[in-house]
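When the chains are written out, they are named A, B, C and D in that same order, and each has its own residue count from 1.
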Amino acid sequence: MDLEQIFAVDEFEELARAAMDPGAFAYYYGGAEQEITLRENIAAFDRYRLRPRVLRGLSEVDTGSTLLDAEVSLPIGLAPTALHKLAHPDGECAVARAAGKYGALQIVATYSSYTLEEVAEAASGPLWFQLYMNADRSITEDLISRAGEAGYGAIVLTVDLATPGYRTREYRNWFVPPPEVGPANFTVGEGAIHSSVSELVANLTGDGYSWSIVEWLRELTELPIVLKGIMTAEDAALALEHGADALIVSNHGGRQLDRSPASIDVLGEVVEAVEGQIEVYLDGGIRRGTDVLIARALGARAVFIGRPYLWGLAAAGADGVARVLDILQTQLVNGMLNLGVASLDEVTREHLA
Amino acid sequence: MDLEQIFAVDEFEELARAAMDPGAFAYYYGGAEQEITLRENIAAFDRYRLRPRVLRGLSEVDTGSTLLDAEVSLPIGLAPTALHKLAHPDGECAVARAAGKYGALQIVATYSSYTLEEVAEAASGPLWFQLYMNADRSITEDLISRAGEAGYGAIVLTVDLATPGYRTREYRNWFVPPPEVGPANFTVGEGAIHSSVSELVANLTGDGYSWSIVEWLRELTELPIVLKGIMTAEDAALALEHGADALIVSNHGGRQLDRSPASIDVLGEVVEAVEGQIEVYLDGGIRRGTDVLIARALGARAVFIGRPYLWGLAAAGADGVARVLDILQTQLVNGMLNLGVASLDEVTREHLA
Amino acid sequence: MDLEQIFAVDEFEELARAAMDPGAFAYYYGGAEQEITLRENIAAFDRYRLRPRVLRGLSEVDTGSTLLDAEVSLPIGLAPTALHKLAHPDGECAVARAAGKYGALQIVATYSSYTLEEVAEAASGPLWFQLYMNADRSITEDLISRAGEAGYGAIVLTVDLATPGYRTREYRNWFVPPPEVGPANFTVGEGAIHSSVSELVANLTGDGYSWSIVEWLRELTELPIVLKGIMTAEDAALALEHGADALIVSNHGGRQLDRSPASIDVLGEVVEAVEGQIEVYLDGGIRRGTDVLIARALGARAVFIGRPYLWGLAAAGADGVARVLDILQTQLVNGMLNLGVASLDEVTREHLA
Amino acid sequence: MDLEQIFAVDEFEELARAAMDPGAFAYYYGGAEQEITLRENIAAFDRYRLRPRVLRGLSEVDTGSTLLDAEVSLPIGLAPTALHKLAHPDGECAVARAAGKYGALQIVATYSSYTLEEVAEAASGPLWFQLYMNADRSITEDLISRAGEAGYGAIVLTVDLATPGYRTREYRNWFVPPPEVGPANFTVGEGAIHSSVSELVANLTGDGYSWSIVEWLRELTELPIVLKGIMTAEDAALALEHGADALIVSNHGGRQLDRSPASIDVLGEVVEAVEGQIEVYLDGGIRRGTDVLIARALGARAVFIGRPYLWGLAAAGADGVARVLDILQTQLVNGMLNLGVASLDEVTREHLA
């Protein structure tokens, strides 16, 4: 495979399909119910238009930014996704190596195939830790403590999983992951034995979580707390009230409530609701450089990709992830030059038609 | 057939097509003229978006409700459809058994393949009786009296059949049902001999009905009267005026006036017109759990399904109908958890984007 | 061919394609440039929705109306189209026989294959005469005089042919009609020898016509003058000013200016402009009964069909045209019953969503 | 090839594809990233509707206009495109001969396959010179001086190429043009050796250009300065401020910033911003006569075509380009007659629905 001959991240999807177990591929690929939201996440971007400005005297542009305290070279991070060994034996460590090469922030999942410490070892860029609460809270406390010690810069609490969505495609492609894919961060008790990945998540994660968890977390750690899965102005306001340090606008890649809006379509209302008090990021549907500019114009400080890097990982390990980031970086630089902005801070709502 | 391997009610359509006489299938499947309204009933739902709320502290949800006096476990009832033996020898009795298992309300049709008493015998859940006026009013009076004695909880008068619609597909797939499919509730006179189902309905039902029928019915029975087929605010107001106890917003599954709006698209205006004085239900296009949530958000107390359960019945009898209800229940529970509502009463217009 | 097994007028299109010379078919079928307006005429109707009213006490409905002084049983007339022998040897006479059977008004074209007197002989229903000005005005004067004598009830002046449109499909299917198809109403001079139908029309019709023609016509005849081809409020106002007795909203079946709006989409502005002072009709895209109801709701007193009856004529002569009218009549009656109107006058804007 | 049997300029695309090297074809054909803007340029025209006026007394129409000082017979010019020998050995000279025949203005590119003097020699119509700044400004100064001496009537500065767009299709069809295709206007230095056309442009053109270039140009030449690539009201205002003599609304044929709006969709805002002080033209998506009328109605004094004439050139040299212009002229004349305008100045916003 000549990675240099790949010029769009979409191309990795078919390579990954060929490389992966069909059940594992379906698990990553699929969304909830009819996958309306899954498709909308991508399609919605095609309804936005960018207004290019000319003769701006640009020779080069700066794609750098900060996410909370982390300095990044790209406003494109790697969203948390489970069990990377399903895609490639090098799993999250390969992702970490690629992310580091491009100065991109990686969010490592609670249900990772490598321990959070192993990933930290492989990483040279900033890391955040994604948290699913465990039915056994002592496990959660342990994870948070270890994340802090391993140098993770924030806790990203996933708030949109009251239960795993109704994932038709996963049900139709029933898949029991082999034990060696993990999760690695803790021992899975007998009571949480799983047959599918969603069942594992359901069994381990427990339920009944409310806003009080945010307060509980705040007591437990001094790390910034990022809430992932906010889709409404109302919940953004509640997040502010409960002391969240940042938000990720996300519908969980279309995997939770089908018929949720595309995340890009609600970004504006969330940004407006937080009134600049905390940072807002977005995931869902990012596939090319101009997507990043649209999200930025609507107020997202950064975006995160999920499936695109998983496909890169499945196709070619760390090199595949690196090529995904390389393409997006090149497209972003090109887009900034042709939009007429020297830095991300120059991108505003006036750049949207 | 492993019903457990079916995860979306749409899948039953092809199974039914394979199991049924093509003419009978076309009769159930088809709509009026170009079937624009038939398709719109389903497509319209895809234009609505649900706004998921997070961290609502939910462990479980309650899908129960009341429809007039009936307690139901699901806000998804079984709409009246004719001559169930066209789908399966067990007909309406099989539907009744499945409905009872899920605590769903069944509306039994005037033109049923089993007598209303036979269905009542098979049922364990609540039953309502759908009424087509007979040209011979003594037959109608007899039916209403028998329905009351058999424990039916309401009379559902179909008001949108001034004449059967122009059903192109039915005409192209001319089908004469065998005598044993019924109708069973009364003897069909010589003058109403039918060659197609629509002709039967046209011949038996008579015409010229006006709002005075509602008053005539009110005199005749103490059962609540539900009007099925209201599509405008104006007729909703007239229904109130004439003492209807509840309404079903319906375009008769796209079988009457083609180019009628999707029923979900007019639900709002009907709900607004009744100002909460009576209950409003909806049929037309319900295929998955999130459809129910959209209808509920727009003010429908419950929804009814038609073709989906007929396909289940044709494919696998009572078990097929049960699986249809099981899928919808599972999707509804999942949708409520991920929308962030503990009960149906919590679903509001604010849940729609 | 069992005409009784045809249930939608669209079906005649393929029958006509099989029956006709490909060049003649292309001449009838085609529109201007990319045929955007041709397709829009039909597609636009699919964006309108009818609001059905119920319990209106209807047993039957009245589809009758008057167009100027003519009493018609159907509000669906036959638009003027050229050289019917291209479709069938019985040409305009066959159309006249079918129209008479259904009480429909026929507009006979200047460029007809039978003389206007021959058509009048065959007709039992009302006739109007469509006029293209001839470069030789004495021919035009003669035609008007003969039309009056033959009992035609109005002159329908086509106003939208400054020159025949850029008809790509016609150019690609070059077709020289045989001499026997006509035109029959007058002798075609050497100077107007044609190779294609559009060239014939261009050569004979001349150019440079302005509103003064309407005044010239008014002097020449006491017959009502109907202007066919009005697409704007501005021209409707001018038509009033110049004493037109009625208008036909039409884009010439999409054959003149491509990217004109669908005629149904501008009907409203024309109706509003004439303020009820004269009658307004519509052609373009009528294919089924509910189309007629939509046009009526927007203010058209009647509609005219073109290609549908040509396809019927090509497929089966007078019987084919009759079946087209029969289908539309049946659909219209059905539509009126299910819309809840007893007569065409009851159809209003409130019937549109 | 019988050019007279071609009736739509789109048809030349497939002829050109067959005639050209696939890599060269891909270079011309392709757009940026996902080619959304490339497709939108064409698709956007299909959303506009023209309002035809009737009985305007037209016998003929005048398609003539002036562009700055140049008199043209057509408001359809030939946009600058690079290296015409990629399409045909006669290159820009063939284009000049065809343009002259139809009185159309040609803009010759800096990166032409023939020298600007050779093209001027072949031309009989008006010429403008498109300018890319050279990293070596003395080359630019020389080009401008030579253009003035050779009779070019204006300098058209391309302002929307901060860097060549991310051209996925070009990358996938890597193509190294043979040395004989040029560019011919100057010697390409060792430092600018290219492997693809975009690389050539990138290497030669340099970067960092700002509005001060316009002032520098103004000092250098008395020729009018036209800015090509303005897409916003803001940049139109800056262009006025910096003394531009005319603007071309253009997104570079969808080759620079993907997700830019269709050029026709922003024409209105640019026209409004310049308040009639300077002329505004448009390129992007012009494929037929009615496109020209839409652009004119929105305020464009003239339009330019790119790919259409390249396809004509590739298919049949000067004769192919001539046929493209002939078709557009015929469609334009036909469109004006059927829109009801005698001259281009009569086309106004009121002609749009």
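Worth a mention:
Keep in mind that, in the parts below, a contact is a pair of C-beta atoms (placed from the backbone, for glycine too) under 8 Å apart; a residue touches a chain by one contact, two chains touch by 3 or more.
All values reported here derive from a predicted model rather than from experimental measurement.
For the touching copies chain A and chain D, the fraction of interface residue numbers used by both falls below half; the interface is of the different-residue type. For the pair chain A and chain C, the distance between mean C-alpha positions equals 60 Å. Centre-to-centre separation of chain A and chain B, using mean CA positions: 43 Å. Looking at chain C, one finds that none of its residues touch two or more other chains.
In terms of inter-chain touching, the protein chains here make up one closed cycle, each touching precisely two others. Remark: chain B residues 32-34, 36, 159-160, 162-163, 165-166, 168, 171-172, 207-214, 227, 229-232, 234-235, 238, 251, 256-261, 265-266 touch chain C in the complex. Interface residues of chain B, counted against chain A in their complex, comprise 5, 7-8, 45-46, 48-59, 288-290, 294, 330-331, 334-335, 337-340, 350, 353.
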